[in-house]
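Next up, some structures in structure tokens.
Paired with chain B in one complex and with chain C in the other, chain A is shared by the two complexes that follow.
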Partner chain A sequence: MLEIQDLSLELYVDKTWKPALRPLTFRLEPGEITGIIGESGSGKSLLAKALMNILPARARVASGSIRLHGTELLSLPRHRFRSVYGRQLAYIFQNPAGALNPLMRIGDQLLDALLAHEEVPRKEAVRRALKALEEVGISDPERVFRAYPHEISGGMKQRAVIACAVIHEPDLLIADEATTALDATIRKQILDLFLVLSKKKRMSILYISHDIAAVQYVADKIMVLYGGMLLETGARGDVLDRPLHPYTADLLQAVPYHVKPGTKLAGIPGNVPPITAKPPGCIYAPRCGYATERCKEDLPPMVVAEDPSTAADKIPHTHACFHPLLRDSLGKETHLNTNPSSPEGRERYVQQPAAH
Partner chain B sequence: MSSNPPLIEVKGLSKSFALPRPVLWKPAQALQVLRDIHLTIQEGEIVGLVGESGSGKSTLGECIGGLQTAPPGTIKFRGTALEQLQGAGLKEYQRSVQYVFQDPVETLNPRYTVEQIIAEPIRAAGLVKQPKDIREAVEQLLQDVGLDAAYMKSRPAQLSGGQCQRVAIARALSTKPALLICDEAVSALDLSVQATILNLLGELRRKYRISQLFISHDLHVVKYLADRVAVIHQGTIVESGHTEHVFKHPEHAYTQSLISSAL
Partner chain C sequence: MSYLAQRLLIAILLVFLVSFASFAVLMLLPGDPVRLMLGTEAPPHLVEELRAQYGLDRPWLLQYADWLAGAVSGNLGESFIYKMPVTQIIVDRLPMTLSLTIFASLMALLIALPLGIWAAVKRGSWVDGFIQAVVQIWIAIPNFWLGILLLLGFTVMIPLFPPGNFVPISEGLGAHLHSLFLPALTLAIAEAAVLIRMFRASLVEVLNKDFMTFAHTKGLPTRKKYIRYALRNSLIGPITVIGLQVMSLISGVIIIEQIFNLPGLGRLLLIAVQQRDLFLLQGLVIFITVTVILVNLCVDLLYTRIDPRIQLHATKRRTT
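On to the complex of A and B.
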């Protein structure tokens, strides 16, 4: 449905254009939730904004193509923007309170969103707005329709924002940290709502978050971004239970969620490299326990793993690493390439099957 | 249990904030944020405080840390009520209870160097007097939090978020506190950095027996770090107990819904 081919982005920093996102290629299919995991500076929000054509002025698309149902979006004439952005592609921001106009009733904002793209009689519009509110799990749509944003709770606001986004039944819904600002109990309800929208309406959802637990909960397919580079993609189970890229494995070990209390967390030494000082080779090489000279100089290409466990699966498991983690039939890591200079060696890492 | 009074004892603490008057002739309303809170923190213990936004968890931390006033007699520091602390006793309390805030960058003075940031409370507490000794103390603190001494001359803007949080922890440790109040201290950090800070906090407890009040909305982090956990909901502690027990056998309906909604 949406095809992204060799898309790369640049940021204007210190009076020059610096690569912010190295060329990446992926597809989004209807009825599928794709999760993007990334820390700050990974380029995940830039990617989402590029898809929506709302890049900030200091960012630009350097190369590549974004095709929706075969139509190239990067060369789309201005007068056709409205038929795509906000209608076929919808976006939910992190902070629901900031996304709503405090001086307008929720209902009027919904009608605004609807009437911006479609010409419908007011009565019909109101009926559809109420239906949209009901569909996102609001039990008393009439009251919320008349309410101002400050009169409803945070979870309700996020539902109202989602209602605005899905009122046209878009093909793709981009949720950029859409549950990060919500409380734990509400977060789960919103994630459940995403699951319903994708399965019932065959909507494609791009769920972007640094919250691994949330991504694990909703995503069918996972992409791991780090420092502007796509490091690993694959089905949820493949990426989280059998990670191939050392960064994914290290990240999973750094989350208390996956680790028993009392055991030391395997923090990753060092920091995410700033955009001004990116290494020429693999972006993770400076922090990686396996890194060899080759990693520091050459950019590892994205390759499909020859992992027997994924052969039957439709979603290919790909990674960008010269020394991917290997596993035996029990899922235990049998890496022959262990770097003796690594502080703890790598044999420590055995991923527990995560409860879901 | 030892016969010494606990480090911090909170008994029957209620707190409300005045709301603006709706109209001049009507009485001002008050918003009750904390209701009848009971909580003790023993020496060397990590107490986790979980709750959703608006539950009053930060206000409780601020009351214990002395950033908010609490009704007389409701908070005791080593057996003495906070408002009765005077002179040396007050200084001892101020030295012993330190705060680590959520946003590491905002809490550091951008015009100070790392050395100045950490040295200021040492001087204020009067622990070390000679400039040479203060410098040594700063070096030791940076080493404790895992930062190279080369960072002494850096300013916060030159450091990453994780490094800033380490400086903030070093500053909190500079007065040799007995209690660290960590209010969402790892929430703003990247995952790969968060783990190293959690390790650091766990290590500080093992090494210096520093108690911690660890305030967070992240259940996994609290479960990982805390010995005891208190669940706060709408200003009331609805459940508290040993972390493992509370997570395995939650009794209160709110705790149950909180744990079941953890992913």
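On to the complex of A and C.
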């Protein structure tokens, strides 16, 4: 449905254009939730904005193609996007309060979204708007319809935003940190709503978050972004339970949920390299316990893993690492290419991620 | 007690305090209206006689009490120089000042709104730069100089407007506005400059908000996006400024009235101060105070019309 081919993005920093997202290729299919995991600065939000054609002025697409049902979006004139928005592509934000016009009633904003693409008589429009509110799990749609944004709770606001975004049942819904600002119980309800939209309405959802637990809960497919590079993709189970890229493994070790109780959280030493000082080789090499000289000089290509456990799976498990983590027959991690110069790095990987 | 009742009570108290303060200041200031009326060579007994006639020989607190008693019943006293009731003088001058205020404010708004929106939408472009440069110049131009230039240009060199002929509204709206066009334009230019900046700044802020991006990705038509989402959200700042401008216009614009020979409240104020016309000055101060209070109230009420989050409560506690 949506095909992204060698898409790369650049950011304007210090008066030059610097690569912010190295060429990446992936597809999004109807009825599928794709989770993008990445730390701040990984380029995940920029990717989402590029797909929506709402990149800020300091960012631009350097190369590649984004095709929606075969139509190239990158060459689509700006005014033509109006008919794409809402009906084919929809986007929701991290902060639901900011996404709603504070001076307009929820109902009017919903009607605006509906009437942007359809000529509907007022009565019919109101009926459909109320139904849309009900479908996103709002129990008293009449009250919310008449309310101003400041009169309803954060969870309600995010539901209202989702109702606005999906009222025309778009092919793709991009949720950029859409549950990060919500508390745990509301977050689960919103995630369940995404599952319903994806499975019942066959919507494709691109769920972007640094919240690994949330991604694990909803995503069918996971992409791991780091410093503007795609490091690993695959089915949820493959990526989270059998990570191949050392970065993914390190990231999981830093999440309480994935570690045995009583063990110290590992954390990842060092920081994401700034956009102005990206290494020529693997982007993770400076922080990686397994990095060799080759990692520091050559860019590892994206390859499909020949892991026997994923052979039967339809979603290929890919990674961009010269020394992927391997597993023995017991499912324990072993690593054949461990860098002898960093024994502490080796030690980290002996421990198996806790089952959950 | 309702919000309006509370505001009214505060207003009455304020008017009382202002009237007392201004009366006290006028009494303490050097300068004697009787001396000014009769001249410095006047015989002392005549001066004393006149002072007694106006009651100026009594303690000033007593005089204030007298004035207050009259004021409460709507009598603001009589002017020394015009020999007319103060209220009558103010009411005579008011229509012209009111006309000029409304005319100039509307003109300023008509200039500022489109230019401010244009600059904000095209922010960073040469259009924006050009508008900002023009605004900078408009702010720098002294009002009186612009007034003289316009007067010279459009009454003498190109006689589009009659010089110094104020036509009251009773002689036809068209002629009335025609005679007020140049002074209104002079005032409007300076006000529009400030307003353009205000509109641009608040619009730019709003255009960067998430809800604008969301409105955009909902596929809303451009006009709806800018008017219903952006413009309405950026009105609070400009309305505050418009309120302040209306206040200063209604209390009179001395220099502009002088240049264009307009019988407005500004000139009246000047005369009253120069001639130590106690009651006239007192009356004008009261009038200006009341106007300021009323305009402020209107601005506050407008806020609530624009932004549902702003609510006016009788008590200071805000319930949410």
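To be clear about the criterion, the second predicted complex is superposed on the first by the 342 of 356 C-alpha atoms of A that agree within 3 Å, B and C clash if a C-alpha of one lies under 4 Å from a C-alpha of the other, contacts with A are read in each partner's own complex, and residues count from 1 in each chain.
Note that in this section a residue touches a chain if its C-beta (ideal position, glycine included) is under 8 Å from a C-beta of that chain, and two chains touch if they have at least 3 such contacts.
Everything quoted here is computed from the prediction, not taken from an experiment.
For chain B in complex with chain A, the touching residues are 52-53, 160-163, 190-199, 202, 217, 219-221, 223-225, 243-244, 257-258, 261-263.
Of all the residues in chain A, the ones that touch chain C in their complex are 52, 54, 81-87, 89-93, 95, 98-104, 112-113, 116-117, 148, 150, 161, 164-165. The residues of chain C lying in touch with chain A in their complex are 209-211, 213-221, 224, 228-229, 232-233, 306-309.
Chain A makes touch with chain B in their complex at residues 39-40, 154, 183-185, 187-189, 191, 210, 212-214, 216-217, 250-251, 253-257, 259, 261, 264-269, 271-272, 287.
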